[in-house]
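Next come two complexes built around chain A: one with chain B, the other with chain C.
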Partner chain A sequence: MKLRKDLILRQVGDDFVIVEPDQGVMDFSKVFTLNNSAAWLWDKLQGIEFEYQDIFKLLLEEYEVKSNQYDSIEEDVKQLIADFEHYNLIEKN
Partner chain B sequence: MDKIHQVFFTLLRLGLWKNSTESFSIFPLKELEWEKLFALSIQQAVEGIIFNSFSKLSPNDLPSKALLLKWTVRVDSIERYNQTIQNNTKKLAKLYNQNQVSFFLLKGYSLGRLYDTPNLRSSGDIDLYFPKISCFKSANQLIQSKNILVEKGSLKSSFFTLNNTVVEHHVKLFDILNPFCSQYLANLIKEENKNSIQLSIDEVTVPTISYLLAHIQTNAHILKHYLGYGIGIRQFCDLARLYYHSKNSIDSNQLMEIYKKLKIYNWVDENLNICLLNIIKIQIPI
Partner chain C sequence: MVASESAININAFRISNELFFEQIIPYLVKGQSVKISVAGNSMNPFLVHGDKITLMPIQEQDLKIGRIILAKSSGIYILHRIVKLSDNDIYLAGDGNLAQIEKIKKNEIMAIAYYVERNEKQIYLYSKGKLCLAKLWFFARPFRIILNSLLRKSVKR
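On to the complex of A and B.
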């Protein structure tokens, strides 16, 4: 899968924000706010093909994770991908 | 000047100039004041430039999260529209280059590129100037051959819509119709051809007029707006960025002489100069 390349991650004040213009109509635009980790991941995944394992690996490389936390991280990654898909942030084939 | 306008111009300068130093003692603003400032920014078509200044404000001085998000949506839309303008400009340039139709890009993208963050400048339409009538006619025919309706506009121009963008074809470069100046301007355009600037959008060549002609064109255009529809602050920003970018490439004495010949020297010197110096803090090179 790949993130939609037309979506721009911006830092606005302390927040990280993505605007999804619904059919180009400004009033119906959706705004997503990302926490620091999600914004970091979004940046890392820009322009590349990735799978669930790639995100997992990136998180293990970046954060100090104990083996007893793996299950929790797996859940988080699954949820993140589900959210990306649900909110139409992944490129359609 | 009231507080809203003071903050407006402070933020405008911060958004316009990378190294602008401003006093922040007037901050913070109340929610209602920010709402007024947002409306004023949209009215003056500078909401993107002002947004650009937010990275220089401390978190306590920023608008509320709700307004910031609203502002972000607006800026995102400006950026997307600029991308459309750029793509359409590229398509047209490619078409005209392939068919040996000589043209120059005016205003819009050619001025927007002079900003540090070009995509934050609010854009309107695409303006193309054709130095020869034959090229103007060929360009219109090429567009019509794509089943696009080309309509007649003012001053012998034509216009059409391409992918939600209005495109204007012009045969007149300047909004100066004084018959005693027409030959002088025609010679000037010919003379300045050697200084025209070749822009590139994804390796497609897009010619634009020389800095000298851009100065005259922009100043005369603002005068037309002043006499007719009214001036927007965005136009002053364009002018300021043009001055900043071209200050070492143009001869200010030559420019002054041209303005005098065109009888718009007083307008440029007494009106634009004072506005730019006081509001945007830049010295006009005349």
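On to the complex of A and C.
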């Protein structure tokens, strides 16, 4: 899968938000807020084709993760991908 | 990662007006349109809290009485209606406000709104009927002040 490239992530104050252009109009009435790690991942996944394992790997590289935490990270990644899909942030083929 | 809360949320974006409009202005300057949610009730009943409006860059010919514009007045962003034009100044009033009028300069105008989206319907803001109602509503200010104070008194009792 691939992130939609028309979406723009920006930092506003302490928040990370994604703004969606709708037929050329930037829609600020519907913005997505990302927490720090989601925003970091969003940046890393920009423009690349990725799968579930790639996100998992990125997180392991970035964060110190103990092996007993793998399960909860797995959950997080699943949730994140579900969110990407739910909010229609993934490019459609 | 935070397991307890979702990493992505929608519409949970609460920031100051100032910061919000700082995000929007660059798009307008580039000539792009932006859609925003109306916050507050100063444009009641023509625009109400939660309505969505599309802001567009403004042209000289848009400067007419009755137009709803975004402007920066004394450092504060307002979305109000033009009620009077003079050679140098533009006078704005919030439809919902009873007495206040803002005097601004041309270069303080940022954008104009043409359409409002309410209940999934797009409504043109400047049909003859709408403009006429808005004018009546504005000239009814003295009566609205009286009505307002009467209502307040009756509520107190």
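By definition in this document, the second predicted complex is superposed on the first by the 84 of 93 C-alpha atoms of A that agree within 3 Å, B and C clash if a C-alpha of one lies under 4 Å from a C-alpha of the other, contacts with A are read in each partner's own complex, and residues count from 1 in each chain.
By definition in this document, a residue touches a chain if its C-beta (ideal position, glycine included) is under 8 Å from a C-beta of that chain, and two chains touch if they have at least 3 such contacts.
Keep in mind that this is a model prediction, so the values were computed, not measured.
K.L.:
Would you sort A:Tyr87 into first (chain B), second (chain C), both or neither based on which partner it touches?
P.N.:
second
K.L.:
Classify the contacts of A:Phe32 with the two partner chains as first (chain B alone), second (chain C alone), both, or neither.
P.N.:
second
K.L.:
State whether chain B or chain C is in contact with more residues of chain A in the superposed arrangement.
P.N.:
Of chain B and chain C, the partner in contact with more residues of chain A is C.
K.L.:
With both complexes superposed on chain A, which partner does A:Leu59 reach: first (chain B), second (chain C), both or neither?
P.N.:
Touch status of A:Leu59: second partner only.
K.L.:
Contact-wise, after the overlay, does A:Ile8 reach chain B, chain C, both or neither (first, second, both, neither)?
P.N.:
Touch partner of A:Ile8: chain B, not chain C.
K.L.:
Considering only touches as defined above, state whether A:Ile73 meets chain B (first), chain C (second), both or neither.
P.N.:
second
K.L.:
Give one of first, second, both or neither to describe whether A:Val17 is in contact with chain B, with chain C, with both, or with none.
P.N.:
both
K.L.:
Please write out, lowest number first, the residues of chain A touched by both chain B and chain C across the two complexes.
P.N.:
10, 12-13, 15, 17, 19, 24, 26, 29, 31, 33.
K.L.:
Inside the complex, what are the residues of chain B that reach chain A?
P.N.:
Chain B residues touching chain A: 54-55, 59, 62, 65, 68-69, 71-74, 76-77, 79-80.
K.L.:
Which residues, counting only chain A, touch chain B once they are in their complex?
P.N.:
The touching residues are 6, 8, 10-15, 17, 19, 21, 24, 26, 29, 31, 33.
K.L.:
In their complex, what parts of chain A are in touch with chain C?
P.N.:
10, 12-13, 15, 17, 19, 22, 24-35, 37-38, 59, 63, 72-73, 75-77, 79-80, 83-84, 87, 89
K.L.:
Considering only the defined contacts, which chain C positions touch chain A in the complex?
P.N.:
These residues of chain C touch chain A: 1-3, 5-13, 15, 19-20, 23-24, 27, 32-37, 52, 54.
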